[in-house]
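A, B, C, D and E label the chains in the order they appear, each numbered from 1.
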């Protein structure tokens, strides 16, 4: 269980998160929604310690995260796929993937790589290419694949559908869903694409100006026209 | 909608990178007052197509023409002079320049002052600068982001930054606008605003749009070209394309988006 | 003929020394994306430490090892204390910082070790090999130099190409934040990178000093040529550094012997320009064509 | 109203006019020795001004500006070999600037293709190579000893005018000081105009994002080369002043140290800021002397005191980078603006 | 617009005919000099002013000259003429020195020599053997050289080779500046047709392999090296690795056997023969006694001075060099008399300079027509760090002046008991 309690952060004078609290249950997808600039990215970054929390905490199975170094996240089973294209463009596709596998400690086995290539065949064709030449969508696949290399138990995804073709988005969400179902993965999914996100989420948390304004079961949120119009714009 | 002047035409463009064929025999035409959508799976070659149109990538074969004239050796910085603007798939904002300065860079080709008059700060230069400033503010205003004019882009919300990038492309009053995924990262509301805006632009220019958000594509495009593995697999109106089984298989999938 | 052979051989040995220095720069570049202008004075300091030990009556090899260890430590300390705060900041800040360090170390060394020429012994003979009745300009120490540099290059290639540690180091250099999220101890990698680079730098210092004269500025010319060699090779590639070093050493030696020693620096500039105009990223770095 | 006054005061022309008044006041009150030092500050300032534009606004690092100064200085020296100069001094300045500019253009064309460390490497090689030319062509360029520069006497009308304004005789060193500062004011005025205008915007755009700049219609090559040429011209003018002040153009005066000194001045003051460049130049002119003197009066022997200057100088460099990475002027400016602006960028990976 | 300000046209600064006494008080004389204390040229050279200072302190301790203490300011120019220029400005304009003494280096001093003459500051005993210091007193009336110039050294060795080795092939190994150039001029007067190759090295580039290899190819029997000490050592080391074994002549500047031998000695562990004997058999020249002759009366004096007034470190030939010109300066002050003026000092040197006694083996050439320094030297062969004379002291002058054996007895004098000269004032 990933538990966020009264988490607050600011950038200089700008308050980005105030007293955010919610829990993401084991084996569930929790969607974090909200307008641009609502603080979604900041939330994930604060949880994994990339941004210093000013107050509150985030714990995973009782283990404090916000004050733990980001480097330790993979060994705690937490994978954070950052916003934007977090590929290391100077490394090849395969090196990026191997790097993902190293995080959990130990060596990277060829089977691990093959597992990812099976998930994203487009990457298999380009394994020796520098990540620099990949198209936008290919990069997005690469970061996802890299996160999965570490076989995490918690996956923090920051707008994974950004720039992906509809079919791939669908596949991606299916993939996430299957990981949750088959492996009991816990997922915190930040999305603009609220509709798709809610279609696979168990729970929806809506942020606005750094505060939690809605925290509901996904069906309820998707079914409530008022809430949807007010916060999600569809 | 027929306009006598033809817009951008690409004939039989082929691009390869090492062993990889990114585009193969692609032909299309972006006509004035129309929005031409280019869609296709990731890595299909859409951005590469734009890069060819901009001179960033030289095609192995095929030709380009603009307004009926051939464009044999196009270089990216000639583009603005021809009346073509483009946004980048990333943001490509100048982080250490204010929003207004960012937009002013887009107006650069219209600056009349020259090096020497700048050096001496002649009245001509000052006047010219004021004129461009007004124009840049006008565009920012049109996109509803004028209040950010003196801020630096890095600290602004993503949607605002996207608009700034768009403003920079628009300020030179191009005849053809190439937009690479302008809606990525926008919320549904923002996206529909963008749709309205794009339709409005067709009064003034031709638009070529690469996008993965089908709602937007379907609602604003007049014509679509679908790429897969560098080939055109379908063309036609949005409705035609949507129902094309090849397109569904390659790109749309069982559209989750169609709730 | 003999002159030509000797000039070429001299050039190759000299080139190897540039290569050693270039390797150190490549290491730091690969692990922190910083060009360490203070590499030369750092190596000078460790060489003086070795000299101090030798003059204290200890064996050459003890001094050699001590200098390498000192290099390792010095590199780590410099990274920790000085470089850490400017990592990820504007590139020029790091450049200036290392230049500042250059000046400081130089001045300190003049005060501590004294500002005069001193001779530094060599591990192996410094007489050329005799072939028949001619002597060729290849001494035992030269051979040692060549082997040592090739070995270091080989080890670096192994490290970066084939080991997980190398992969981690590169990741940390390219994108700290992403690397951290992937569990890379970025801080340690950077420190390690500097420590190793400084060790290789010390080795270069010892090789240059061996059988020759040292003073606090003895490495200064090597900064320039070592840097040029690294840039020629593409900064990212250990093999490139060695090829760049050899190319430079050889050309400079020929220019010096057959045209005029004043033009050595100009020749270095000309070679660099010619190479960079054809390949702006150096001879050995991978093409990075995609821009958009 | 107050804002309006502020804006008028911030106009480069107004600042320049104020500057001229200050310069005249200062130069008339100081003694000959100080005015020689002030000339040194002027030529370092001129070259640093050009470099700050190149590095701060256009993002190109040059470790070889000292070599460009050498070109200006040697041109000056060649034109001022005889007691009867072939050209009036202003003409010499123009020729020195133009020659350097042309060389700068040639180098700039090559440099425009290079990035970061590659550019640094190429310019570093330039810095060490140019003095070698003077040695190789020793016949014309005077070899190691360099070329003597005969500074023409100030024309009578200048002497009279100076006497009229200041009530003192104009000594030769003051004459050169006035010349140097005159060149500085004009250079800074031009640089300020350029960097505020369209040209400066292009430079900054290229610095921040090449691709985006290119798409916006800016020719990368032309923007880079023009920045290089402008800063080379400034270096040429600085070389002219330096040659007059030192009365000599010799290779060892234009060693790598000079190039690095310029870069240091630029960074100490704060990248991209002309005020910073001037401040940096002042620091570099006066600091070593102050330190050495302090060392001597603290009872150190000469050699140790002499080593003290570079030591302190290096330490100051390191300290500024660590404690005030935006440079002195940059940090002041940051402190001034702190309440209004939030912190750094979102660090979006490329 | 002419004359609007009523500016006076008179340039004089009021001292009139009495002569300038800037820097002189009743109990002190301020002098200064520029030296490379830091940077590439510092090794060795930075010791020169310490020697001079020690001697001045020695004199001051004994009451100074005419009751005046000598206050010697040393400035570090790092061998950069630009700095020399601003530091000399500082010495003259700010510190108001009476004279500059011993300032070091050809390129560096070239930058300021005209300024000093314009300002009418005595510019004495420049530490460099360039002809610029004294060849033309007309245009530089205030400047005096001290050591033998490089041209006469070239002449002396040239004649020796021509006389004693008429069939030898001669190679030249030269520093690429005035030093090498002037020397070459002298050498060529005698052995022009024997020279088979000339190689030049650039100071700062420590790789002399290509030059030595080129020399070796021409198979010279004797190589005349006009090099600084570190380059002498580098050349020897490189020759060793190339198996190049000609007879060497090394210029006085670069042959300091203690220094060079010391440098080479480190390689002695079976690799280079012997310690100070590393230069055995090498020919050189001497114009003042050095530490290789500890029993020489002058060297004994220097040792005493250094022991009493020196700072850290040993007595070295560089320090002896500094003390030697300091000694000459004290003599000049004495000759100029109690009423010390700049003009008086210059006059006195011109009048009595050529007859001053001192450590110099040959007399100075100071006169109305020449301000060049010591007029000759003896050639020696180095054996175990000592110079064994090959010739008598030979004197000559620049141009086609003949070389003659010195008859002045300069070489045989000894310092006064007190170690402080006693020269009668002129007039």
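Everything that follows uses one rule, which is that contacts are C-beta pairs under 8 Å (C-beta built on N, C-alpha and C of every residue); 3 or more make two chains touch, one makes a residue touch a chain.
If you're wondering where the values come from, they're calculated on a predicted model, not measured in any experiment.
The minimum number of touch steps linking subunit C to subunit E comes to 1. The most distant chain from subunit B, with centres taken as the mean of CA atoms, is E. Note: centroid distance subunit B to subunit C, computed from Cα atoms, is 47 Å.
Put simply, the C-alpha centre of subunit A and that of subunit C have 43 angstrom between them. Subunit E has its Cα centroid 77 Å from the Cα centroid of subunit A. Taking the mean of the C-alpha atoms as each chain's centre, subunit C and subunit D sit 32 Å apart. Within subunit D, residues 132, 135, 211, 303, 307, 310, 341-342, 348-350 each touch two or more of the remaining chains. The set of subunit A residues touching two or more other chains comprises 11, 14, 82, 85-86, 89, 133. Contacts with at least two other chains are made by residues 107, 110, 115, 175, 177-178, 260, 262, 264, 289, 291-292 of subunit C. Of all the residues in subunit E, the ones that touch subunit C in their complex are 37-40, 42-44, 46, 176, 200-202, 204-207, 209-211, 213-214, 216-217, 229-230, 233-234, 237, 240-244, 262-267, 269, 271-272. On subunit D, the positions that touch subunit E within their shared complex are 31-33, 36-37, 40, 132, 135, 138, 143-146, 148, 156-157, 159-161, 163-164, 167, 169, 173, 242, 245-248, 250-253, 255, 257-258, 289, 292, 301-303, 305-307, 309-310. Chain contact summary for the complex, subunit C toward subunit A: residues 164, 167-168, 170-171, 174-175, 177-186, 286, 288-290. The part of subunit C that touches subunit E in the complex is made up of residues 2-3, 6-7, 10-11, 14, 107, 110, 115-122, 125-128, 130, 134-135, 137, 139, 142, 211-213, 215, 217-218, 220-221, 252-254, 256-258, 260-262, 264. Across the complex, subunit E meets subunit D through its residues 1-8, 37-38, 46, 49-50, 53, 74, 76, 79-82, 85-86, 89-90, 93-94, 106-108, 110-111, 114-115, 176-178, 202-203, 311.
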